[in-house]
Every structure is written in structure tokens, then in C-alpha cells.
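Down below are the structures I want you to see.
In the two complexes that follow, subunit A is the common piece, with subunit B as its partner first and subunit C second.
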Partner chain A sequence: MQQRVKEKALELLRNGTVDRVIGWKTGEFFYDLTPAVFETAEEIEKDFVFSGFSGANLSKYAIAQSRAAGKTAIFLKPCDSYSFQQLLKEHRILRENIYIVGIACEGMLDMEKIRAAGCEGVVSVKENGEELIVETLYGDRTLSRKDCLLERCAVCKSKKVVIFDEMLGEQGDEQETARFDRVAELEAMTPEERFAFWRGELSRCIRCNACRNVCPACSCEKCVFDNDKSGVRNKAAADPFEENLFHIIRAFHVAGRCTDCGECSRVCPQNIPLHLLNRKFIKDINELYGTYQAGADMETKSPLTDFTTDDCEPSIVHERGGVK
Partner chain B sequence: MQRIGVFVCWCGSNIAATVDVEKVSQVLAQEPGVVFSTNYQYMCSQAGQEMIQESIHKYNLTGVVICSCSPRMHEATFRKTCEKAGLNGHMVEIANIREQCSWIHKDKDVGTEKAVVLGRAAIAKVHLNAPLTAGQSPVKKRALVIGGGIAGIQTALDIADAGFDVDIVEKQPTIGGKMTQIDKTFPTLDCAACILTPKMVDAAQNEKIHIYSYAEVESVKGFVGNFNVTIKKKARYVDETKCTGCGLCTEKCPQKKVPNAFNLGLDNRRAIYIPFAQAVPKVATIDADYCTMLKSGKCGVCSKVCTAGAIDYKQKDELIEQEYGAIVVATGFNPIKLDKYDEFAYSQSPDVVTSLEFERLMNAAGPTGGTLLRPSDGTHPHTIVFVQCVGSRCDDGRGKSYCSKICCMYTAKHAMLCREKYPDTDVYVFYIDVRTPGKNFDEFYRRAVEEYGVHYVKGMVGKVVPQDGKLKVQASDLLGDRQLHIDADMVVLAAAIEPDETARPLATKLTASMDTNDFFTEAHPKLRPVESPTAGIFLSGACQGPKDIPETVAQASAAAAKVIGLLCKDSLTCNPCTAQPDELMCNGCSSCEKVCPYGAITYADKEFRGPNRTTLIRRMAQVNPAVCQGCGACTVACPSGAMDLKGFSNKQIMAEVDAICR
Partner chain C sequence: MSVNEQFQPTIVAFCCNWCSYAGADLSGTNRLQYPANVKIIRIPCSCRLNPMFILRAFQRGADGVILCGCHPGDCHYTTGNYYARRRMTLLFSMLDFMGIERGRTRVEWVSAAEGAKFAATMNEFVETITKLGPNRRLEDLRCSKE
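Our next item is the complex of A and B:
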């Protein structure tokens, strides 16, 4: 697959289908692949990489690139395709300027987990089916791929690419997973325990804004946190709690639009489990208004911006301690 | 910097008793921007208003804060006051130190402290206020009446009489409502049909009135003066324009075993039916739940016998869109279901009936042709027990806490009619209290007792047991301090009344408020009893609370008068507090459009100058200020915070919160 993706990128550029390709290239290390826009075959030959570390969700870059002259190709893994379609639904991407290549996905790798398995001085990781051959300065190690997946891939919600012009590999299906188990655990805590949990997690935040910058739902022309009129721009936090609220506000802003792509947690340098905030919203929406997956299709209205006369009163439902 | 004047009202002792008004005006005088602060006994009086106007001139005020009652009460008054002194009305803020402060606090120190805080918040907001100017919107000169009972009919007739078009939407195949099922009316005992059916015919023949029978309101958009309503005309499988109402089909239809809803299931009708002889419109309707043709495709008898060729098995529900300036709700009531009152054996014996069923049993057009017979065996009942307050004034959670108001009088009527027609019957009425406030009501009740010899017993029936063809009634006589055991032939239950089940979803569509019992709430219980708090929505009849016929008709005409007053106007002043997007921040994502209940938001592609002399085309939200009602739903739906509400901007509200938390 790694080779097929690169060849497809070359083919699309060479045969003139597109003028540029959004893909991944190596960063400082082999495992920190970053999104990149390639305009020539030479650039692709030199830098384009698709591997188990191509976790980065490229959909957000289509907003700007779809407005550039000519046509742009983009590679979308299943979870990325949900983000892409959600942005399309919000009129952010000009569909006619984009050529989508869907990629079947076996789950992306988490370097932290490889290190946690005791691998130090990792030089390269070779993917061999269910096995990973980890080459280190101290010799090779073999690990099971499924033990080294990103959290979001370990509980993958869907292997289906929901929007594409062309598909590489087998189209998959939506999957039943345990992705809400941790949320349920948090819900079971007392309010004091939960507050302490989140104060602890969020206390590590350094406000690098990586979560916001990577999030496809956080693609506003101007973020409220950068908006002079909001009254919070460049405002010094009065106390650490005010700083913590950044994440709560952000979760509210993306509620109903978040597809649970998990990028926020993947990029967080402090390993804050930010996806749990979003998943709590998704879980609540599913329970109160019926199952809803943002970006799954172009038609369904988000329950939070839709009103039907039989909508429940969330507060009443929660008082009853149950589902609708 | 604004120059702000603060005016603290005593409201007699309403505020001054629990708030130190002198201290409030002194403390608020120290706030930044406040150049004048005072207090006065009645700020809304002429003297108070003049004081405000003089101060505006004397201190060159650019903003005014009035600490008084709720803005719902006097905001408009004080805006007008300031406008006369040359200040824009939207530079006035009200701090509600009565309803939200003095009335709920007993301790003067606490009340005073809170009044100061509320005043501070209003001052903080005025600092950010800007003058706003209202536009005008036209008024659609057509009214919608939802419900075609006596309330709806009276309202429609009165509006039409003033020269405006009115549509009645009635969910049943005929207008007339509950009154068509009633036999005689108290306190005059004239026949309900005789006084109602001429009105039904009047409505049908009036050129200004259009009746949508067998129809429901599907959706409501828009606002006062400009409602856009979708009406769903349910398929009746009969072409209304062709059907002559001859009734031949209703005699020939082979499906004879359909419970007759008009007679409350006491007898049967056919699958194609006209509810009753005087139905308006007199058009047949096919009951799709029972028609064999519609269910299995085999039959077609009605189509064969119909000489007018009116039967249309392929008819579909039809959606009609219409614009209205005003909407009147007249959805009426229903007796409650009695499944929680097993002690009265309603579900065990057909001889235990509700009062409305009793009306049908007494009615000449009813299942027994007007002869009072027991439903079980068709014999004449000799002992009849009436039980009042079944489900009314009920505090055990099974019924309604309120008094259903009409039961005392109709029970007296029933008892009196029984004794008059059948002097050999013994009639008992069990009551908690007999309530007869109304013109000629108490006289009526006394006639029942004194002239007709009805046995009124203060006390409740504890149990009814069907046994050997009798109903063993066990009851207490509180005045005689004894237990009574009566072998009755019939028991009549005065079931509580409740709003129609369509009222709750309708209120949601209209954004009209309701109380906990699902009765529509009036804008003010004393001073605006026929208006809903939602502008342009009016209330007629029992949808607002239990009412007898005279009261219903009075309210119906009152609602009509209010509608006529509205439709007379050519235009209404719009609300200037409308939403406005910041184009530099708008993503064009459509979130605001999705939540806008008024359809005020559209999108357009707009050119922007990008860096290096490039142009960018971006999708941009646009608000039509004539349609926007300032509800603010878009401002919270907007992910980027581009949408803001004039007069209630996020910044203004945050400033108020900050001032309160300071």
C-alpha cells in the first residue's frame, strides 16, 4: 500500500488529472510525518511518504487548496474522509476542485507505544502484516502491530471511506467499538473526582494551540481565541483554572461537528486525552437524540443545529438518569 | 465615555420596603460614567417621568439606567419618556430590582446589596449601548384560527365581520367541536344544536371564511404580521368539491362495525361517514383504518353508489402554504381518560358513563334516539348516581389539581333533565362543593334541589361494584356523618377536562408558552387575558383554561377584537435588536441558517481582498433585518462568533456578567 499511494500521487500529477497533491512528507524523524503539498513529480519522488506514521488528517488543508487555481488531489484514510465530508457540508471546501483518493487503513502507529514496549534508539519501523520489525541501535525487535496502534485506531469507529473519487484497497465498514468505555468510566466518577481528574490532566496544558491548529472542525476564518472582539484575545489567565477552560470552550465549539478523528490527542505534546471531551459530547448526542456521526453523509442534520418537536429536554433526561 | 443617569424607583413600598433605595442611588452614583443618581417614589408616574426628562437635559445624559420593576412592565414606557427628551430609546436599560430582588428577599441588607449589583450590571451594559433605529414590516391581512369549535367559529365570524379573511383549520371532518355533542346548555336549557348549527352554517357561507376541515397545522414560520403556515389537509378519500352530502354511501358501506366517535363509541357507524346530520362541511369521509377498499383493495361499494363520482381512493394528504398576520389558538378540551379511577368501575360496567357520554344518551340524535336507556341492557334506569370532581381538584397525582369549572353546572343540568323527563327516577349527586359563580347559575342549581328534588349529598363515592345487574355504590354523607349504600342503575362520572392532546405540539410550533397543565398561558392573567406572550398569537376558549360556553364565546370575541386591531395596521414597527454577522469572521458554514426559526438568513458569495493584490471569494451569511426577530439562536450556533445581536451583543452581556461578579 505504501508504494501504491506514492505511485498514485505521481500518476495523478503526471497525467494532468491534478495540479497538486496533498500528502505526507518526513519531518525531522521518520515517524513524525507532516502534511505537505506537492506540485511536481520530483518533489513527490524526493519527499512523499505514506506509512504507518501517516496519521495526520489531511482534510483541513483542502479548505485552502480547493481555492487555489486548478485541481488538487487529496489522500483520505477512512476517519479523514468523515472530517472532509463534514467540512464539505459546512461549505468550506469547493468539491469540484478536489480529487479524492480513498485509502484503506489498517490503523496508524503510535511511536509512544513502541517506545513504551521497551524500544530505545529506534532507527526505523518496518511494517510486515500484523508484525512490526523495529530496528534500534541495540538490535531488532518484533512487536505486534495491534499493540502499537494510536488510541483512536485501537477503537476505530469505521473503516469506510465515506467520500472518494477513487479507492486504493478494499472499502471497509463501520465498526462497533469500545470507544466510549473510558467516557463511561468518567461519567461514573463523582463530580469531585471528575473535576480532580480533569484539573490534573489539563494542568499540563502549555497552550501551544496544537490541538486547535490540527483540528478540522477548528477551521474558522478567525478563531474566537484570536478575535479582538471576544474580549479574551491575548488575555492573561487570571488563574490556572481559566487556562483549563480553553479546552472546555473548544469542545463546545466543535460539539456536533467533531467526527472523533482523534487528531487533538495525537498531536498534544503533553499527552492530554482531549478526545475524551469530544467523545463525551458525541456519547450524549447519541443517547439524547439518536445515533449521529458527523460527516457520515451530506444530508443528515446535526442534532445540535436541528429542532424537532419530539426533541428531549437534556436536563430532564439526565435527572431521570437515563436515555430518551 | 457615556454620561449616565441612574433613577431608582421605590415602587411605593414594593421596592422600598426591602431595598434601601437611598443607599442604592448613593452607591451607584460612584460608578464610572454616572453623572447623576436619584430615587423617587413612583418613577413611572408623570412626575417621575418628567424628572427623568429634566435630568437628561440638565446633565446632558447619553444613557439612562432605571432601577425599577421588570422590563416587561415598563421598559416601553421609559423608552418613550427618554425619546421625548431626545435620547434614543435603546440607550435606556432597566435593572429589575422588584421581581428579581425586593419581592424575593426579606432581609433589607441582602436586598439592598443585590439591587446595587443589578444596577451595576445595567450601568456596565449602557456603557456599550448604541442608538438603534427600528424599521417597519408589513402586515398580512389574513388570520388563521386553529380549531373549529364554538370558540374558533365565533372568533372567525367576528374577524370576517370586520372585513378580513379568516381560515379555520379543524382536525375533525366537521367544525362544531364539543358543543355538537352536548344536548342542552345551562342555565337556560336551550338546545346546543339549535344555537350552534346556525353559526356553523354562517361560517361556511361567509365569503371571508375558508374552512380547512380534516386538516392540521403542519408547521409555522415567521412572526407577528408575517406568519407562514403549512396546513396539512388529510386525505378524506372524497372530493369535497363533488360530494353533495347525500349520505347514500354511508348507508351502503358494508363495513358496519366502526365505533362511532361522535357518539363516543356508544354505537357503530360505517367506514365512510358523515359525523352527524348538521356537519359542516357536509361531506363524507372515509375512515382509512376500517375501509376494506383502502386496506385490501377489495370493495369499492361507495364509489359505485356515488352518483357525483366524488370517491377518490387515491387521494393523498395535501400541503397548503398560506401567509397570515395573526393566529388564534382555539384547540379546546377533552375529558380525561378514566383508566386510573378503577374504583368507579368505568372499565367494568357499560352503565358507568362519563358526563359527555350521558349527553349523547340524552340527545335525540344520539345512540338511543333521546330515550335514556342503560347501555348494558337497554332498560330504563331508576336510580342514577352522579359523581362530581372525578379527576378534578385531585391531589393524589391521578388527576388534575385544578377545578374543571363546568362540571357542577352540567351535573345540575343532567340531574334536572332526568327528573323532568323521568320523574320516577331517583337522582343522587355526590359533591365536594357545589360551585355556581355565574349569571343565573346558583338559581339554576337551587331549582335542581328545591323544585326537582335531586338528592345532593356532600361527600365522595368510595367504590362502585357491578353486581347482579346493579351498581352497588358505597359513599359517605359528610353532613349526615354516615355511610351510604345505594343500588344504582347508572353512575355518571363528571370527568375532569384537560387541553386537547394536540395543544402541546402546537404550542411548540407556535413558540407559545403553556402552563404545567398544558393550558396556553396568557400574556398577563388580568390585563392581557386573550393574548399569548408570543406576539401575534391569540387565545380563544378552553385551550387557555376551563370555561363554559358563555365565557368561551366572550373570550372568542375578545380575541377577534385583538386580531382586528392588529390586522387594521398596515405595518408594524420591527424589533431593531437584530442579528448581524461580522464578515471578516464568517465561515459561511450555514450553522446559523439551520437554527434560524424565521428564515432570516441567506448566503451570498462575496469578494475579499487577499494578500498580494489577490481576491478571495467567500461564502457569507446575510441577515434580513425585516425578518429577524432577534431571538439570538444564530449567535450561539455560530462556531466562530461572527454573529452578534444588536442591543444584546456578547460583549454587552459579558460586561453585565463581569459587573455582577466584580
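Our next item is the complex of A and C:
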């Protein structure tokens, strides 16, 4: 697959189907792949990489690139395709300027988990089916791929690429997952425990805004948090209130549009489980207003821009878990 | 903020211009009493309430926030309060998820004819918040009153 993706990128550029390709290139380290736009075959030959570390969701880059002259090819893994379709639904992407290559996905890797498995001084990681051969300064190690997946891949919701012009590999299906288990666990705690849990997590926030900038659903030209008069300082750890406010509002602004692609948690330098906030909204929406998956299709109305006359009252929140 | 050692909460009530604000007015003209802890902010429609307003109210020292709007189906703009209802449900659920005490936030539908309901709701809400005590989990220390 790794070679096929690169060859496809070269082929599309050489035969003139597209003028540029959005893909991944190596960053400072081999596991640190960053999104990049390639305009020549030479650049692709030199820098283009697709591997288990190509976790980055490219769909957001299509917003700007679809407005550039000519056509752009983009590679979408299943979860990225949901984000792409959601952006398309919101009229953020000019579809006619984009050529989509869907990629079948076996789950992306998390370097933190490889390190946690006791691998120090990792030089390279070779993917061999269900096995990972980790080459370190102290000799080779073999790990199981499924133990080293990103959190979102370990509870993958769908292997289906929902929108594509061409598909590399087998099309998959939506699947049952345990992705709401952690949210349910937290819901079962007392408010005091939950407050302590979130203080512990959110007090680590350094307000680098990576979660906001990477989020495909967060694509406003001007963000509320960039407003000097918003009363939010946009600085690290001013006090507990601001951390709460930032994360509540960030998650709220993408509620009903978040496809649960998990990018927010993947990029967080402080490893805050931000996806739990988004999933809480998704879980609530599913329970209160019917199952909804953002980006799964082009027609269904988003739950927050829709209503029924017999919706539940907000007091349901206080009744649901008993009186506390 | 303590008078005679008893905790006096600050309550912010967002009232829609067409029903609840008129309802509050009616409770005044009817000389129904409700506590002075309630500070009313008039908004054009319950749907105007940005979730950030609620959080900002807590930041600036509110101990409880209540949103009053027209009864569902009676919105001056036809559907505003239906959207507000969904938004507030999700927001309150998130506040609960973050461990903020339940009961600090509330939504009540009060029509222009329900002056008595307005006064009763406010009396009850102030009582609830007084029992809960000062808002400590969503306060901004820089804006602290003490």
C-alpha cells in the first residue's frame, strides 16, 4: 500500500489529471509525518511518504487548495473522508477542483504507544501485516500492530470511504465500536470525581491551539478566540475557568459537525483526551435526537440546525443521572 | 457577599424580549415579590443566547444562570426557542460532564401572561442556588469579588 499510494500520486501528476497533490512528507523524524502540497514529480519522488504514521487528516487542506488554479488530488483515509464530506456539505470545498483517492486503512500508529511498550532509541518501524518490526539502537523488537494503534483507530468506527473518485485497496464497512465506553465511565462518576478528573486533564493545557487549528470542522476564517474583546486571554493556564471555557466552547462549536476523526487528541502535545468532550456531545445527540454521524451523507440535517416540536426539555440533564 | 452571615447568590436571568421579559414586568405590576438577587438581561429571543454568555456570566461572578423564553410553539420568531432548547440541553449536559454542579443552570418557559410563574420560578431558583452555595468550579479568580 505504501508504494501504491506514492505511485498513484506520481501517476496523477504525470498524466496531467491534477496539478498538485496533497499528501504527507517526513518531518523532523520518520514518525513525524506532516501534511504537504506537492506540485512536481521530483518533490514527490523525494519527500512523499505514506506509512502507518500518516495519521494526519488532509481534508482541511482541501478548503484552500480547491480554490487554487487547476485541479488538486487528495488522499483520504476512511475517517478523513467523513470530514471531507462534512466540509463539502457546508459548502467549504469546491468539489469540481478536487480529485479524491480513497485509501483503505488498517489503522494508524501511535509513536507514544510504541515507546510505552519499552522501545527506546527507535530508528525505524517496518510494517509487516499484523506485526511491527521496530528497529532500535539496542536491537530489533517485534510488536503487535493492534497494540500500537492511535486511540481513534483502536475504536475505529468505520472503514468505509464515503466519498471518492478512485479507491486504492478494498472498500470497508461501518463497524460496531466501543468508542463511547470511556465517556460512559466518566458519566457514572460523581460530579466531584468528574470535576477532579477534568481539572487534572485540562490544567495541563498550554493553549497552543493545536486542537483548534488541526480540526477539520473548525474552519472559520475568524475564530471567536481570536477576538481581543472576547474576555479570553488566549494564554496558557490563566486560571481554571479559562481552560474550561476554551474547551467547552471549542467542543460546542463543532457539536453536530464533529465526525470524531480524533485529530484533536492526536496533535495535543499534552496528551489531553480532548476527543472525550466531542464524543460526549455525539453520545448525547445520538441518545436524545437519534443516531447521527456527521459527514456520513450529504442530505441529513445537522442535529443543532434542526428540531422537532417534541424534543426533550433541558431539565432532562438533571433528571437523567438522578438527583445529585 | 455575605449579609448577616447568610450567603446571597447572584443570579443572572436571560429573558426573551417578547414573553419572559414581559412576564417579569407583569409580576412587577402585580406586586409579586421575587428576590433582588436576580439580575435580568433582556435578549431578543432565547435563541440569541450564545453558550459563551452563560460561561461569561459565571466568570464574572454569577452563581446561577437561568434562561427564560416563550413556550415552545409560541416563539415570536416561530422557531427560535426550539433551537435554543437543543443547544441548552447539550450545553447543560456538557457542564454536568465537566463536573459543574447540576442545578446551577436552568431553562424555564415563561409567557407574557405568567407573572406569577416568573416570580415563583425565581424564588425557587434563588433558593436552590443558596443551598448549592457560591460558584467555585466555574469562577474566574481575577474577577473574584472578595
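The definition used in the following text is that the second predicted complex is superposed on the first by the 303 of 324 C-alpha atoms of A that agree within 3 Å, B and C clash if a C-alpha of one lies under 4 Å from a C-alpha of the other, contacts with A are read in each partner's own complex, and residues count from 1 in each chain.
Keep this in mind: a residue touches a chain if its C-beta (ideal position, glycine included) is under 8 Å from a C-beta of that chain, and two chains touch if they have at least 3 such contacts.
Bear in mind that the values here come from a model prediction, so they are computed numbers and not experimental data.
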{"item": "Touched partner set for A:C208, first subunit B, second subunit C, both or neither", "value": "neither"}
{"item": "Contacts of A:M298 with subunit B and subunit C, given as first, second, both or neither", "value": "neither"}
{"item": "First (subunit B), second (subunit C), both or neither touched by A:I248", "value": "second"}
{"item": "Which superposed partner A:L277 touches (first subunit B, second subunit C, both, neither)", "value": "second"}
{"item": "First (subunit B), second (subunit C), both or neither touched by A:L186", "value": "second"}
{"item": "Partner chain(s) touched by A:F307 [first = subunit B, second = subunit C, both, neither]", "value": "both"}
{"item": "Touch count on subunit A, higher of subunit B and subunit C", "value": "C"}
{"item": "Touched partner set for A:S219, first subunit B, second subunit C, both or neither", "value": "first"}
{"item": "Contact residues of subunit A, present in both the subunit B and the subunit C interface", "value": "224, 230-231, 304-305, 307, 309"}
{"item": "Touching residues (chain side subunit A, partner subunit C) in the complex", "value": "183, 186-187, 191-198, 224, 230-231, 238-239, 241-242, 244-245, 248-249, 251-252, 255, 277, 280-281, 284-285, 288-289, 303-305, 307-309, 311-318, 321, 323-324"}
{"item": "For the subunit A and subunit B complex, residues of the former touching the latter", "value": "67, 90-92, 217, 219-224, 227, 229-231, 253-254, 257, 301-302, 304-307, 309"}
{"item": "Interface residues, subunit C side, partner subunit A - complex", "value": "51-52, 55-56, 58-59, 72-73, 79, 82-83, 85-103, 105-107, 137-142"}
{"item": "Residues of subunit B defined as touching subunit A within the complex", "value": "505, 508-509, 582, 584-591, 594-595, 597, 603, 616-619, 637, 639-642, 644, 650-651, 654"}
